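Naming follows writing order (A, B and C), and every chain is counted from residue 1.
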Amino acid sequence: MAPGLKDIIESLIFVSLEPLPLEKIKETLSDHPPAEVEQALQELLQSTVSAERGITIIQSGGGYVFTTRPEFDPWVRRFLKIDRKSKLSSASLETLSIVAYHQPITLSEISALRNVDSSYTIKTLLEKKLVKITGRKKSPGNPLIYRTTERFLAYFGLNSLDELPTEEEIAKILGEDKTVEQAPKP
Amino acid sequence: MAPGLKDIIESLIFVSLEPLPLEKIKETLSDHPPAEVEQALQELLQSTVSAERGITIIQSGGGYVFTTRPEFDPWVRRFLKIDRKSKLSSASLETLSIVAYHQPITLSEISALRNVDSSYTIKTLLEKKLVKITGRKKSPGNPLIYRTTERFLAYFGLNSLDELPTEEEIAKILGEDKTVEQAPKP
Amino acid sequence: METSESYQVRLEVFEGPLDLLLFLIRKKRIDIHNIPIAVITREYLDYLGREEQINLDREAEFVLMAALLIHIKSQLLLPREQPLTEGEDPRRFLVDQLVEFQKIKAACSILKEREEEQLSLWTREVLPPLPELGEVDLVEVSLFDLAETFFVLMKRKEAENFRVVRGKNYSLEEKMKEIIATLEKESVLDFLEYFNRQENLEEAIVSFFSLLELIKARLVMAVQERLFQTIKVWLRRESKARQ
């Protein structure tokens, strides 16, 4: 492996504000064999994670990005004078999951699944760039269709839509609910 | 020294929007004796510098800040260029939207609409194959006329230009909030 | 209409009718595939009466669901010659909807945990100044600064007493394109150095006016790190000039 390749990759990940995909690293380091780049990246990740320092590199949103380690959250918040990062409202989360699992989807389909008019929520999600309009459906009225964005993935620390909770995970949660509820039965 | 103090400081320097002055570190870590904080900072600096990795901490502008090591500048620059190239600038997006909605259109018509000479942005869009030249206008000077491409449609998930969002649709998505906000105004 | 306040303040209320129905089904330990419509309708209407538990912005939707429940109940009460087959069950549509919604809610609870984890990780909001590319404390220069620099330069050029080559026409438009192309390639251009590269005075003057045009059109930005230092020219990232 070329000396310093690992360090070059570290500097690239550092200057990228968004998660840096492997492809872009390879493109930038096109004068090195892709396999070498990949190996250097792996070494970098290993050494960064095992160093257990204040900052680390995580894989999220289909790329690599520097973040602080979770245990330092209280100090970071104290320093930035931020009480709490605002979370998505349950309406937003619900709408977002529907888009994630049913994409491409139209607004009226979302509203039908929730049984609730979702135009305001979808607007909020558009503004947060967690969903995007990607075209129109071939159906009467040609309604706009929505999909989740890269930012959506990064927001939940997912690398692709394949990493969304699976049927089994969902079934497990539903099953647990049942056992809890059935517990008091004689 | 409290364990992890060094790592806490590292995370603070990392998230700080500006070079982080020692005073501010002490302020955030006020439950630790200032001398300990200073010692931890020194240790952090030493270990970061001696690690000779891709990123390092320097003292600049009255505080401490993470930067990439200067010897990686050539790669960082190469990366930033690639990164920038793959994104549409807001100027390009503006020009593209004008072509999309006003096609067929000439360069001088675009420039007139944007109040800006758009020859450079149209060139970028031609390179990205999002617009194409489709002939000349039968008017003085016979200027070239531009249209969007098939790739443009694919990029935005459209089947035809008729499917571009209409003014009313955009107003409906984005405007509703405005009326709510403007309502209380005198 | 959902409003941001309504769901921030009332986190524990039922966002929509399906929320409430699911809650009742669980509370009563009802099999979602075989809902006793009469019981659930009564419970539902009960909750609707206690307004504080529902999101009032959604009142119409809650009422609509009540109407649907009553309609289903009436259908089930209709005397029939033959028992209903599964496909004809008037509850079918509602059950399908509830089953799907229940899955979404479960997925939400998993995503909520992931959100929590991610929120404790902090990334940077801005890039630190990058070496060389860094725009630390740059000041935008006025046309006056630019002109002053230019004339100082011209004097120097004259002193060099170089031969003026005639015969080539330098157009403003070509020059503007050339400057932009150079900036595209090199990202930053040193004003003095660029002028020194020009073949002759005429070309230098055309270059100067091209630069003025580009600045006027807000396509490029001229900056000076400190007064009386060389001026650097950058492409404006967002070259728009809105009125």
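Heads up, the rule we're going with is that a residue touches a chain if its C-beta (ideal position, glycine included) is under 8 Å from a C-beta of that chain, and two chains touch if they have at least 3 such contacts.
Owing to the predicted nature of the structure, the values given are computational and were not obtained by experimental measurement.
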item: Most widely separated chain from subunit B, with each centre as the mean of CA atoms; value: A
item: Identity of the most central chain, Cα criterion; value: C
item: Approximate Å spacing (C-alpha centroids) for the pair subunit A, subunit C; value: 15
item: Averaged-CA centre spacing for the pair subunit C and subunit B, given as whole angstrom; value: 11
item: Inter-centroid spacing, subunit B versus subunit A (mean Cα positions, whole Å); value: 19
item: Junction residues of subunit C - those touching two or more other chains; value: 1, 3, 122, 124, 126, 130
item: Residues of subunit B engaged with two or more neighbouring chains; value: 11, 14-15, 66, 68, 76, 80, 176
item: Residues on subunit B engaged by subunit C in the complex (per definition of touch); value: 11, 14-15, 17, 61, 65-68, 70, 73, 76-77, 80-81, 89-91, 94, 114-117, 119-121, 176, 180
item: Interface residues, subunit C side, partner subunit A - complex; value: 1-4, 7-8, 11, 15-18, 26, 29, 58, 61, 65, 97, 100-112, 114-124, 126-127, 130
item: Of all residues in subunit C, those that touch subunit B in their complex; value: 1, 3, 122, 124-126, 128-133, 136, 176-177, 180, 187, 217-219, 237-243
item: Residues on subunit A engaged by subunit B in the complex (per definition of touch); value: 4, 6-16, 24, 27-29, 52-55, 66, 68-69, 71-72, 75-76, 78-80, 119-120, 122-123, 126, 133-136, 138, 142, 144-145
item: Parts of subunit A lying in touch with subunit C, wherever the complex brings them together; value: 15, 17, 58, 60, 65-70, 73, 76, 85, 87-91, 93-94, 96-98, 100-101, 113-121, 124, 155-158, 164-165, 169-170, 173-174, 177, 181-182, 185
